[in-house]
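Each chain carries a letter (A, B, C and D) given by its place in the written order, and its residues are counted from 1.
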Amino acid sequence: MSVLVDEDTRVVVQGITGGEGKFHTEQMLEYGTNVVAGAVPGRGGQEVAGVPVYDTVQQAAREEDANASVVFVPPAFAADACFEAMDAKGIDLVVAITEGVPTQDMARVYRKLQETDTYLVGPNCPGLITPGVAKLGILPGNIFSSGNVGLVSRSGTLTYQVVDNLTERGLGQSTAIGIGGDPIIGTDFIDALELFEADPDTHAVAMCGEIGGEDEEEAARYIGEHMDTPVAGFIAGRTAPPGKRMGHAGAIVSGSGTGTAESKISALEDNGVPVGDTPEEVADHIEDLL
Amino acid sequence: MRLHEYQAKQVFADAGVPTPASQLAETVDEAVDAAEDIGYPVAIKAQVHVGGRGKAGGIKLVESKEEAREAADAILGMDLKGYHVSKVLVEEAVDFVNELYVGVTMDRGEGKPVAMVSTKGGVNIEEVAEEDPDAIAREHIDPAFGMHPFQARKVVYEAGVDRDVANDVASVLTTLYQLWDDRDGADVEVNPLMITSDDEVIAADAVMNIDGDALFRQPELAEMGEEAAEGDELEQKADEYGFDYVRLSGNVGIIGNGAGLVMTTLDLVDYYGGKPANFLDVGGGAKADRIANALDMVFSDDNVDSVVFNIFGGITRGDEVAQGINQALEQFDEIPKPVVVRLAGTNAEEGMEILNEELVTVEYTLEDAVQRAVEFAQEVEA
Amino acid sequence: MRLHEYQAKQVFADAGVPTPASQLAETVDEAVDAAEDIGYPVAIKAQVHVGGRGKAGGIKLVESKEEAREAADAILGMDLKGYHVSKVLVEEAVDFVNELYVGVTMDRGEGKPVAMVSTKGGVNIEEVAEEDPDAIAREHIDPAFGMHPFQARKVVYEAGVDRDVANDVASVLTTLYQLWDDRDGADVEVNPLMITSDDEVIAADAVMNIDGDALFRQPELAEMGEEAAEGDELEQKADEYGFDYVRLSGNVGIIGNGAGLVMTTLDLVDYYGGKPANFLDVGGGAKADRIANALDMVFSDDNVDSVVFNIFGGITRGDEVAQGINQALEQFDEIPKPVVVRLAGTNAEEGMEILNEELVTVEYTLEDAVQRAVEFAQEVEA
Amino acid sequence: MSVLVDEDTRVVVQGITGGEGKFHTEQMLEYGTNVVAGAVPGRGGQEVAGVPVYDTVQQAAREEDANASVVFVPPAFAADACFEAMDAKGIDLVVAITEGVPTQDMARVYRKLQETDTYLVGPNCPGLITPGVAKLGILPGNIFSSGNVGLVSRSGTLTYQVVDNLTERGLGQSTAIGIGGDPIIGTDFIDALELFEADPDTHAVAMCGEIGGEDEEEAARYIGEHMDTPVAGFIAGRTAPPGKRMGHAGAIVSGSGTGTAESKISALEDNGVPVGDTPEEVADHIEDLL
């Protein structure tokens, strides 16, 4: 088993006619993902990589029985694309890859999301993958392998690094979710941990956080209170100087007590989560926990 | 993206927030003329993005032409916590009986904007937030509805603002929220909002941080932001190139893709006994020319003794990265600093084949690449 | 409050909706000049609020100066379903290949606006709604968020609009929603939205009904509404007084407070064998002068033979009503028509005491009051 | 017992310093209503009819333990007053008397209302009363008497008429609710009927509707499917000519099949609800049903 993505996932790609949309549609198809449609206004009736394009997500979902969407549209239109996907009947998973979505747009998307049963992963995320089954997003499929380690991470490329370390020593993954590092995201650590906890085929979870915000601290408390499945952690940004903004919005050290690497690491350790000093060490911990 | 005080004040004043009379000056003479125009007392305020400007000597209250000249002379050109002061705002000094804090920001945890009012204005509000959190009244705004008029009144009254000025303070807050909303604000604040003895409210400072991701639809502010750009040559270059870049004090240059992985690379440099010279994230889907620009940046940093280039591809494609590296390095007769490259992920193998191993050192794991770069740096220092 | 076609078209055009060239004319000569200006063929369209204007002869397509004169002469001054035509719109005739319906209205049941698009434009959309409801695509709008761009596209594509014009139609719909939202629209429609052979979209008609309760914040539209006011002298008088008034064909004048109670009074007049002359609701909290105005209105109606005055007070206070009745009636040497008054509710007893029983007949139940008024009317007719 | 209003109802009056606000506060107090506070921005610290005034509803609710609000503010500010009352902690009943609230304002209020547990009665309504206990609004208290007939009505003054007829023959009321005749209202027929159905001390319900909309038809179906408590009905507007607007927005006959008096009367009768030809006859029916 797996979470969010399985054999029945039927994907519509929003923005399939764009450069990245087309490239990653091909990559997803090659990986075996059931990409059944694209959606681009005004481009209905065309085909991209053999996939039929519709003018609206609703049409794509209706005609091709799609139940998930991956969003590759430019930042200015990404929020609208998320609203469209959340609105479309049948779509219950939306994966927003787009980087650079204005925060206020996302606040509105997040507000609407609370009223739906849809899962939104991202934005500014690499997507998610159930190895050997399907990937939704831009993750490089070849580094993943099927297994029983769940993975959730705020950082795209750090996810790949940790997966690489896991895969190299034969620790396959049930599902890996890149939740994205933006200030406002759909699925957060706790949502993902909840899903992994409920999945009988996920036997351990690797959780990669970074400085900024308090999501890791809250997730640590959640793990301590609600999880039986063991978790190992990693926190990026130990050496980041206070007050400096390191890349995306999430990665800023506020200088006060919370949000620092120390605060996150000790919250995790206090709740029984071993934290690796290097990505390699995360794999060590997972090996121990299984 | 943060506006200078004088820019933010202009934006606030245009939106109807009362602000003191003021003029911008770039020379001592201009500053003195401005002070004479406005009439004493005036405040002379360094226009740099530094907290605690006043304490650090960046704000001076003057009562005469002589004092104005002296103060302008002292402040213009000074180095304030590492920032060079090239502009001062000469501003009418307001006689106040009370100082409030009024601001709007995004509460990440809630995913909602929050309006804040405190009667403990005029001081560092972060300190108030930590030491006496109840002294700041907070009202979360529903981003679907925007701020209801009652919410402005509610937070003002909950903060304990005097009834005589409550309506005017609520009106300033309403304007700040509107600006925050219309102009893609990250933080929009007035601190202090001064209350005079005849119950007038005046914004004595102005903070306006804009969401950098929204600048595409805020052309006017984007232009102001260019004017407001600060930092050393390299940081300005990074801005031009559109890189997330932070200069640090070490000697191992670091280039990577994705904030988390770049931070991890910094952490590993430290872990293996080296010192990171910078944080440089080329972002997702970086094309060849961006890669070349990134190398150019790190080479331009005199502190850098070696470079570790760590790309794990998702959107970013290994072959394009490799081409960029080759292109950038082929321009040199001699490679200025040793470069260790580690590529993984999408099209990584194609990239490895493309890489010119005469110009770079190729490693296959992150740990090996970082260790090798640390070693190179140590060799140079030795 | 409904704007005339020419007014709505101006509002739409100002907002960027493409409309045909047109000129308003109040005389035959003006109409002919306008037609010559615009160039033939032109449509000459009666500016009255009547459905099915075309069928009733209120719209004529003309090809020459002679035809224009003839048509203008026929339409100006005509009586169209009871409305006098005093203005015509002379408009460029658009050569179209398709006619769409595009509109925004409030769905009461859902408490939400709904955007509607149909490829069956150019005909009575209410008929389409009844006979072939699936021919109208509907998209409910969340009033907290407003219309998302995708929703305009979605409803346009769901309606089956051609891809070649879908974007332009969505853009018209977006503008209509914006107008609906900004201008307190009740219904905002274009029917037909014409599609020309070279894929241009043109609003050939324009409907804009404004929420009367919101006119206080739409001064520009309120002014247009005054120009657009129609109906007979009494209905215009009711508008001035701010009464909800409908003229009917019977002879028992009815004044009351609250739509439900006034309708019930009408129903009872009918039930007891009489014929209601009007519906007149003085509203809640009616003060003495309003009461006097109401009596003035009903007395001015020549059809009225008797009046029943039925007030059940909540906000409306019986003593004020009684004062108003006395004041109004004391002006007459002889009371023109018998008035039956029944007061109940807040301060009703005080009111009863104040009422001058030499001027009015007082009854204590609704049924008795209505029966007495019906009797009076029957006596007059007999 | 009763619905919505009982001995524990503690009322804050929004707009208490206005003419109508003051007059009806006095009337409510005289009737015995526990009016504990007023709320008018900038008027905090004053008193009206012996009732302390606060600047915000939140302050009033906190300081005086108010749990209900009655809104008397002018139409331009009425929606904001409703939002304020819905937002205030402790307030779970809002009664909006104000007439002439723009429909779009109410659509927004209604949208927010769906997310809360608050009951909103109105706007453009006379309010509600539990005879002998408390009245919230502008209903003339003297015509009501305590008993076991529930009453719900779209029309203010028609309510009074029917109550008068009931009271005259000794049929007292548990609670009478004037829901208002505007196009968009908070509590509708079905909400009120649900409350009466659940109230053991309401033995019959009088329901007064009028032409326009489909609320009466929907309520009729609800009664047929879900109610054991007997209901008698009245529909105003039988003689209204089609296409004419009779007073408030609710009272318009669309001309099509639904919304007419006939449609409403037959929907009620089809669901076992006797409909009176006159207000007097409604009282007859109620007498029979008890």
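In the analysis below, a contact is a pair of C-beta atoms (placed from the backbone, for glycine too) under 8 Å apart; a residue touches a chain by one contact, two chains touch by 3 or more.
Heads up on the chains, UniProt names are A, D = Succinate--CoA ligase [ADP-forming] subunit alpha; B, C = Succinate--CoA ligase [ADP-forming] subunit beta.
Just so it is clear, the structure is predicted and the values come from calculations on it, not from any experiment.
Shared contact partners of chain B and chain D, listed by label: C. Looking at A-C and A-B, the interface holding more C-beta pairs in contact is that of A-B. One inter-chain figure worth recording: chain B and chain C are separated by 57 Å, centre to centre, where each centre is the mean of the chain's CA atoms.
The distance from the centre of chain A to the centre of chain B, with each centre set as the mean of the Cα atoms, comes to 28 Å. Inter-chain spacing, taken between the CA centroids of chain A and chain D, is 49 Å. Looking at chain B, one finds that residues 142, 144-145 touch two or more other chains. Touching of two or more other chains is recorded for residues 108, 112 of chain D. If each chain is drawn as a node and touching chains are joined, the picture fits none of the line, ring, star or complete shapes.
Contacts between chains, counted with the stated touch criterion, involve the pairs A-B, A-C, B-C, B-D, C-D.
The touching residues of chain C, counted against chain D in their complex, run 106, 108-109, 111-113, 126, 130, 142-144, 181, 184, 186, 211, 213-214, 216-217, 244, 246, 248, 256-264, 266-271, 276, 279, 281, 283-285, 311-316, 344-346, 348, 366-367.
Residue ranges of chain D in contact with chain C, taken from their complex: 20, 24, 27, 75-76, 97, 99-108, 110-112, 126, 137-140, 143, 153-161, 164, 181, 183-184, 208, 210-211, 213-214, 234, 236-241, 244-248, 250-251, 256, 277-280.
Chain B makes touch with chain D in their complex at residues 142, 145, 148-151, 153-154, 157-158, 163, 166-167.
On the side of chain B, the complex with chain C involves touching residues 142, 144-145.
Residues of chain A that touch chain C in their complex: 41-42, 44-45, 55-59, 77, 80-81, 83-84, 87, 108, 112.
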